[in-house]
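Heads up, the next two complexes both have chain A, just with different partners, chain B and then chain C.
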Partner chain A sequence: MSMTASLALTVPELILSVGALLLLLVAAFGGDGFARAIGWGAVALFAAAGFALTGPAGNGGPGFDGLYIADSFAAFAKLLIYIAAAVSVAVAPGFFARTGGGYRAEYPVLILLSGVGMGMMVSAGDLLTLYVGLELQSLSAYVLASFLRRDTRSAEAGLKYFVLGALASGILLYGISLLYGFTGTTLFAGISDSLAKGMGTGQMFGMVFVFAGLAFKISAVPFHMWTPDVYEGAPTPVTAFFASAPKVAGMALLLRVAIEAMGSGTDAWRQIVVFAALASTILGAVAAIGQTSMKRLLAYSSINNVGFALFGLAAGSAEGVAATMTYMAVYIAMTLGSFICVLQMRDRDGQPVETIASLSGLSRSRPGLAAAFAIFMFSLAGIPPLFGFWPKFLVFDALVRAGFWPLAMVGIATSVIGAFYYLKIVKTIYFDDPAPTPFAPAASKLEGGLITLAALAVSPLGYLAIPLLDATSMAAARALF
Partner chain B sequence: MIQTIAFYLFAALVVASGTLTILARNPVHSVLWLILAFFNAAGLMILVGAEFIAMLLVIVYVGAVAVLFLFVVMMLDIDFAELRAGFAQYLPFGILLVLVLAAEMIFAIGAWKAGGIDMGSRIAPTPSEVPNIEAIGTLIYTRYLYIFEGAGLILLVALVGAIVLTHRTRGGVKAQNVTAQNMRRPEDAIRNVKPAVGQGVEL
Partner chain C sequence: MGFPILSVMIALPLVAALACLFVGAKAARWIALAATLADLGLGILLWHGYEIGGAQWQFTESVPLFGRFAWALGIDGIALLLIVLSVFLMPICIAASWEAIEKRVPEYMAAFLLMETLMVGVFAAQDLFLFYIFFEAGLIPMYLIIGIWGGADRIYASYKFFLYTLLGSVLMLIAMLWMVSEAGTTSIPALMAYDFPPEAQTWLFLAFFASFAVKMPMWPVHTWLPDAHVQAPTAGSVILAGVLLKMGGYGFVRFSLPMFPVASAELMWLVMGLSMVAIVVTSLIALVQEDMKKLIAYSSVAHMAFVTIGLFAFNRQGIEGALMVMLGHGLVSGALFLCVGVIYDRMHTREIVRYGGLSNNMPKYAMLFLLFTMASVGLPGTSNFVGEFLSLVGAYQISSWVAFVATTGIITGAAYMLYLYARIAYGSARTPEAAAMPDLSPRELAILAPIALAVLWMGVYPESFLAPMRNDVGAVLARLAPTAPESDAKVVIGHPKPAVEAHAEAHH
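Up next, the complex of A and B:
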């Protein structure tokens, strides 16, 4: 395949990286005065990259001798990633302005470069592409986590994320080197061929290490320890970003590695995925109960949700993968919505408040916000009229079809435990006595609009999107098998 | 013949400058001996046909690492006499390390005689007919171009991140402003005075 044809497949990454370089120049010469304009430029670039997915980049097959794969699976994941990244760029200036500055022109540029890395991850057809993409995404994330460097919590979050992330990268790299050593190739297709001839101890060790490294990136138990601290310490728009786009990228990468590279060793990795899924759902549900900070609670909620999404992979079928992708799509809407709601939690001086107790009686002072919170919480809990129920249903349906009904029963039981703390928040908002210090009034039409959009998406209206969502996620899953 | 002479020359100089690195009293001299050792090691690499590694040794180790050492050694106020004071105390541990290393070397040479580990074939085998700089260049700029560019972006992120996290604009710094300097007219800077007899110049 010629270089031009390969480059045509990577148009979204090209748009993002060239755009990021140009915006970096604007930032260098124009200074932080241009930060907002650069932010909107970044949103426009994400839109352009998303639009470019309609071309060969969305369904062009492998490029660069198999290093890069542009299929409908990658396109589906990229669309979610670009939407989530654009939202976290759009809501950032308001947050930083209210918390006393700190918004700088590098924020959108770093998210753009992180977007390039996530695009590389979901399109990876080779362990090298996987690693380079992952590092590009992670390195930008470390910087973003400590973006408010004067804030000790933010600096601590960045440092913790960096140290643990570097450890995870080392584990992943060790697994990659073992796989390369024992299969003689880094291409997913080649690894799959080699594993089909039987999995030796070396390959098995390599696979376990690769899965451990990737589990860290999606914060699946037992590699979740960093999540609550980092989510709590990082600035809220950055937390919204962490909880959405990199999760989709990591999950899509895990699906691709599991199915495309190690599809012939499904029985070997299934135990790992089943354990991670069960442990994530149980720990995510139980550990969240005692939390007092909304951001920590949402961190445990994301661990819990990743567990449910992994159940789809555990099924190991095309239906299961499609269910996981649908789950991630709905999860993005719920998570972004919840975090933008958290952005609204500010006292009279505009300083952010994070305790769950400060939400009490919110229904009387801010009925709109209270309703939005309730919708997202009910949806995260998977209570039927809301759209959050549908992906959970799909995941368990895929599990039962693949014959894993005991696993599905345990999963459903853990979702009941999880429902407890989501409902506790709704109870705090609607039935507790109003907090002594009510929140400041809504300050941003943009955030209000985004909350409304996300709430509509997870409301029963979301069921109208099922045919479209089913068709695209099924096409995406078929691309892997 | 000439290769053998070159080998013994480089090898002897590596060993000699390595010894002097640890024996020199002045730490700056130690670093300079270290640089000489790196250069001679690069010569050895060229002799075995690994010219890419030779280049890396000179560019990375001499150009960056050793110069960095030199700066650190020059800027830190380390009392090396005091550091050497515990020599006898650390001697047993040092000897233990030397013994472990020696055992490993003997073991490795023994294992080397037995042939390589039975692993999978390489994805990009080293071609025998082209020099290895050319081979690695061809691979990086054609087959792995995409990843190479990705690695470039990672370095860019590291650069941007370092600036974002550490750079701050400080007040009260007298930075040079070339435009302001060029815009300055003589009438802004020069004042003609004609002091009367018996009076000094008032500034």
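Up next, the complex of A and C:
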């Protein structure tokens, strides 16, 4: 394949990286006065990149001799990533303005660069592409976590994320080197061929390390420890970003590595995935019960949800992969909606509050916001008729179809534990007496609009999207098999 | 069928619920009343249009709206009567909350209307997953109703209600997923005719049992019910006892029996055993209650055990009796909770000892309360007699021990209900407040009178209710026939000599 044809496959990444560099120049010469304009520029770039997926970048197949794959699976994941990233950019200026400045032009640029990294992750056809993409994403994320430089919690979050992230990268890189050593290639296709001949101890070790490194990125138990601290410390729009786009990228990457590179060793990695899934759902549910901070609670909720999404991978079938991708699609709607709701939690002076107790009686002071919160919580708990039920339904359906019904029984029983703490939020909002200090009134139409949009997406109206979601996620999943 | 009457019955309360959220308290009350009355009207049309002895599934609609499952609706006689029961009780609930609910009226009315949508949906759904969604979604409005408008200990009760029912239901979901992957269809009528492998049936039965036994509720997973009933507002209790508990029985007769006949026969001892324990234990517990609502809640558990006994008797009398108990109990327990609500609204206590002698100052109330008490006891001429008698007849055919133990429930039932009535209505008032209570207002009379008439109608002419269900019970029995267990009575048909011959011999 010619260089031009290969480059045509990477149009979304090219748009984002060239755009990011141009915006960086604008920022350098224009200063922070242009920050808002740069933010809208970034949103436009994400829209353009998303639009570019309709071209060869959406379904062009492998490029650069297999290093890079532009298939419908990558396109599905990229679309989710761009939407989540664009939303995280759009809601940021309001937040920083209310918390006493600190919004700088670098914020959208960093998210753009992170978007490039995530695009590479989901399109990786080679362990090195994977690693470069992952590091590009992570390095941007470390800076974003500590974006409020003068806030000690934010700085701590950034540092913690960096140290633990570097450790995980090291583990991943070690696994990659082992795999390269024992299979003689870094190409996914080559690794798959090599594993088909039988899995030796060296390959097994390599696989375990790669999975451990990737589990860190999606914060699956037992590599979840950083999540609550980082989510709590990072500025809320950044937390919303962390909980959505990189999760989709990490999950898509894990799916591709598991199926495309190690599909012949499914039985070997399945036990890892099953353990991580069960441990994540249980720990994500149990540890959340005692939380008092809304952001920490949502961090555990994301651990819990990643666990459920992993059940789809545990099935090891195309249906399972499609279910996991659908899960991530619905998950970002729920999680972005919840975090934008958290952005509304401000006292009279506009300062953000994060305790769950401050939500008391919200249903009387802000009925609309309360209803949205309740919709997201019931949806995260997976209670029908809200749309959060549907992805859970799909992953368990895939498990049952693959013959793992006892696992499905255990898995779904853990969702009842999780329901408890989501109910606790609804209880605080609807049953408790109003808090003495009500929240500041709604600040921006944009945030209100985004909350409404997300709430409508996870409302029963979402079920009408099932045929579309089914078709696209199945097409995406088939690209891997 | 051109007019999608079932879809309209589901959509109408939903639209009204949304409308309620945007108006004030007064408008919300009227919207709710109008919508529920309109739904009742549609329900009557539905009953009128239902052709007895016609197709098994009538008013069917099916739109493959969701890809993997369909918006498929349709009713048989059993679903018809349960839908009519639901839409009959709803306007009564709205009227009963007219003055009792003062805070957050629009949201309250919206929650009740949403509940109605989901109840009609549960009974009308003809698609397995559509059924599950309606079945499960009912948790949300009920959780809010108990939690926001409930009594002092409402939060504990709402959690218990939600988590108990959720745990039961999720296991059922896994069983449903397995069934659909095995049978390749989500249509309930098709699944009712599908023969699942016998070894799988046991597991499937147990998974469904986990859900329906909690919903029913059966001993020992009934403990959420007294809490939920006591804490819920009056109308919440009415809906809970009147309709939500019936979903368990409906589940048994719609899913467990026809879909897993082999397992039903094998595990009959489990259901029968739990029901026998329930009847004896909860009746005795009811006898010593000091709280009126708790007493009625425990009596509900005992009455529901008559339903399970009848259903698992595997004969026509048993199943028809069970369905009649469901309908009768829906009316009577709802009415009893309303009766409690009437005096609770006046004195704000549920303690039995605070009342007494109400027949002196509230004669109309005492009379209606007596009627419902007698109906609950199972007096001939009232609704519950028909159902309990039939289900005991059915049970006796299969096991005389079950019938023997269950019949003690009739005696203890009479004991606790009459004891309750005597303490509240007879004698002299124990507190001055009780003596000063005014009799029923026209609104309260209008709430209770229709139920009283329905209770008498069902007791005097049960054929109106039995006729629509007859063929559908027959269909269930046909599925059960190959595996129906033998009776323990071992009746042998005797061969008495013809009397005429004996006479002839004597002459010679």
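Basically, the second predicted complex is superposed on the first by the 481 of 481 C-alpha atoms of A that agree within 3 Å, B and C clash if a C-alpha of one lies under 4 Å from a C-alpha of the other, contacts with A are read in each partner's own complex, and residues count from 1 in each chain.
Keep this in mind: a residue touches a chain if its C-beta (ideal position, glycine included) is under 8 Å from a C-beta of that chain, and two chains touch if they have at least 3 such contacts.
Because the structure is predicted, anything quoted here is derived from the model rather than measured.
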For A:T227, using the defined touch cut-off, is the partner it touches chain B, chain C, both, or neither? Pick first, second, both or neither. neither
Report for A:S301: first if it touches chain B alone, second if chain C alone, otherwise both or neither. neither
Just to be sure I read the superposition right, which of the two partners does A:F431 touch: chain B = first, chain C = second, or both, or neither? second
After superposing on the shared chain, does chain C or chain B touch more chain A residues? B
First, second, both or neither for A:A413, with chain B first and chain C second: second
Within their complex, state which residues of chain B touch chain A. 119-123, 142-147, 150-151, 153-154, 156-158, 160-161, 163-165
Residues of chain A touching chain B in the complex: 3, 6, 10, 17, 21, 24, 63-65, 67-68, 104, 106, 109-110, 113, 116-117, 120, 126, 128-129, 132-133, 135-136, 139-140, 142-143, 146-147, 149, 158, 180-187, 190, 194
Taking the complex as given, what residues does chain C use to touch chain A? 65-68, 104, 107, 129, 132-134, 136-137, 139-140, 143-144, 147-148, 154-155, 158-159, 162-163, 166-167, 170-171, 173-174, 177-178, 180-181
Interface with chain C, chain A side, in the complex: residues 363-364, 378, 383-385, 389, 393, 396-397, 400-401, 405, 408-409, 412-413, 415-416, 419-420, 423, 426-427, 430-431, 463-464, 466-467, 470
